[in-house]
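Each chain carries a letter (A, B and C) given by its place in the written order, and its residues are counted from 1.
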Amino acid sequence: MSRIITLTTDFGDKDYYVGAIKGIVYSINPLASIVDISHQIKFGDIGEASFVIKAAYKCFPKGTIHLVVVDPGVGSDRRIVIVKSNDYYFVAPDNGVLSYAIDQLKDIKIFEVTNKKYFLKNISHTFHGRDIFAPVVAYLAKGVAAKEFGEKIDNLVVSSIKKVYKKDQTLIGEVVYIDKFGNLITNFTPHDLSSLRNIYVRINNCEMFQINSFYAQSKIGSLLAIWGSYGYLEISVNQGNAEKYLNAKKGDIVSIRESK
Amino acid sequence: MSRIITLTTDFGDKDYYVGAIKGIVYSINPLASIVDISHQIKFGDIGEASFVIKAAYKCFPKGTIHLVVVDPGVGSDRRIVIVKSNDYYFVAPDNGVLSYAIDQLKDIKIFEVTNKKYFLKNISHTFHGRDIFAPVVAYLAKGVAAKEFGEKIDNLVVSSIKKVYKKDQTLIGEVVYIDKFGNLITNFTPHDLSSLRNIYVRINNCEMFQINSFYAQSKIGSLLAIWGSYGYLEISVNQGNAEKYLNAKKGDIVSIRESK
Amino acid sequence: MSRIITLTTDFGDKDYYVGAIKGIVYSINPLASIVDISHQIKFGDIGEASFVIKAAYKCFPKGTIHLVVVDPGVGSDRRIVIVKSNDYYFVAPDNGVLSYAIDQLKDIKIFEVTNKKYFLKNISHTFHGRDIFAPVVAYLAKGVAAKEFGEKIDNLVVSSIKKVYKKDQTLIGEVVYIDKFGNLITNFTPHDLSSLRNIYVRINNCEMFQINSFYAQSKIGSLLAIWGSYGYLEISVNQGNAEKYLNAKKGDIVSIRESK
């Protein structure tokens, strides 16, 4: 059986781009099983793609190949890499798009993809998704070893992940991702807050005095904090949209301290 | 072979949510066949989801499992149910989202999903789609019997379906759904109009004097009434958008009587 | 094994329409493999659909069936056709939606789809995607011969493809498609420009003096011309949106001449 291939791109759903990738994969590997994660990553937003694939990859069976094509440097000399962890493969341009996932993985091996044997014959300047990434993941899913695609390398472009820090008695974090519901995903982990008994959360001049167990614990339309499915504290509005409620954006500061 | 699993949610297509559900399903049931119906249900709009799944479910092979996750009460004590009809399974939060489908089905059996053996080990407060619904449908598709997931129960939250009624000599119905083309789907059935010979339709101060056999029977840009694919009378504009034309919204009154 | 079926429609992703087609296909042909190309073709835009399927079809394995349902004449007497080339099948309303693909294909055979044996029993007036197209492609993928669906015919509705022409010393082309990134796809082919050494490109009072090898060769935010993945010259902005930059629309004139 073929490995599952997942797709995360900024290609949208209007054009032929995603279909082209799938067509090439099936042409090379008729048994491929392809699963879309998202094609609505904001155009060229490497950080957003990195956050989405980090949340998604663990849900898939061992052996799954995660292809991430958010690639503003397409056609330039940016590298293409295969990252192999114990359980998964990641294929992506080497531009930091795997930073969040890498932050969680141990014992990774990195290969630079250079072997044109596994590319289409004619390589366009603008669509390596079709011409390079698609055939590479198709062959990888067929069982071609990662090392066949190019040399093992020992470094990777990685963006620094912003961690919560302490200033006086206050923990300072920020909004790192906003989902389609307007939930504000912060970078606070349960570990960051483990020593606090009574919690005081502040963002954009609004405050919360507890962490909810579920949305409906607050009134409809109320702002609330809750541990979200990404593993981080989220700021939400029960049956509403916290992004609009707070006029929030990525990078907005969230501060948390012991409630007096 | 595994049963087909369909997905109807309000998760959108930007985030990792739909991908996560698919990943969990494939992890448990590698032979699963998953088909998206819609992930663009309006956020928390139980009525809209109910109408969409009612229209879609019959198109699928017998044995198909229809998962509907529009779940504003996620994390609260709302129940999760499996509804088994002669031909299909439905898995959903017990919040009325199956009302339209139930209205058409006979001999249904209802099971409350409580057996944690079929959930993920760690259950988040915000994403039961991944943590409960996905593994449940994966095991159901594998052949685990509905009764294994929890006790048979005998009631379900059901919203009343608005039916056409008669006032003097006029039949009063309403717009119950608006599709992406701006077609206004009403609750008039062929049965409702079977005794009328010449028809007069009125909505928002506009009137029509016939039911079209096809769109192009009216001029481009003209308002028209036509029997639509949902099985109801629809108000449309030929190659246009009736929602915009009439500034219409769900709940708008449609009245029909014998033409003079 | 069943042939792959691709879908290109203007149905959007909110309603049950695409799900219905898939459900019918799987009901008739449980081994079908369905791949979405696009459901975001602009409502009724035959030219846009024609351009998208032309770009996509070649990426798929031989034997693939390409279903295109952009069908403003649904329910009228417009014909439905199967076009069979050496490598692919196309199924579509006969309204010009295959014009770009046909322009590239040789030795095609055309069949008018009339055999109700391969339709659903009840045919709606508004949704032939579900009632006719879906069962037809399901049976075609199962191996039913094209001639079984209806008579061989020898003509097809074809829209003329606008070609580049010469006026004085200048080549005149136009924008024929705009993708979701705002890239302006023109109708200039490499052949059109093969005799020019130094190039001067003009569109909407902006000018370019070279064809880029890759986006990043120009500064971020700069307008550029580049050979795109469709096989045509594209006008783009590096990490930006040329449609917005130029306030461009389909049909805008692009003129190219030898640079002085």
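The working rule: a contact is a pair of C-beta atoms (placed from the backbone, for glycine too) under 8 Å apart; a residue touches a chain by one contact, two chains touch by 3 or more.
Every value quoted in this text rests on a predicted model; they were computed, and no experiment measured them.
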Mutual neighbours - chains that touch subunit A and subunit C alike: B
Same vs different contact residues, subunit B with subunit C, by half of numbers used: different
Inter-centroid spacing, subunit C versus subunit B (mean Cα positions, whole Å): 31
Of all residues in subunit A, the ones touching two or more other chains: 13
Subunit A-touching residues of subunit C, taken from the complex the two chains share: 1, 4, 6, 8, 13, 33, 35-41, 52-53, 55-56, 58-61, 64, 179-181, 212-217, 226-229, 234, 239
Subunit C residues within the subunit B interface of the complex: 11-24, 26-27, 30, 43-44, 72-76, 124-127, 130-131
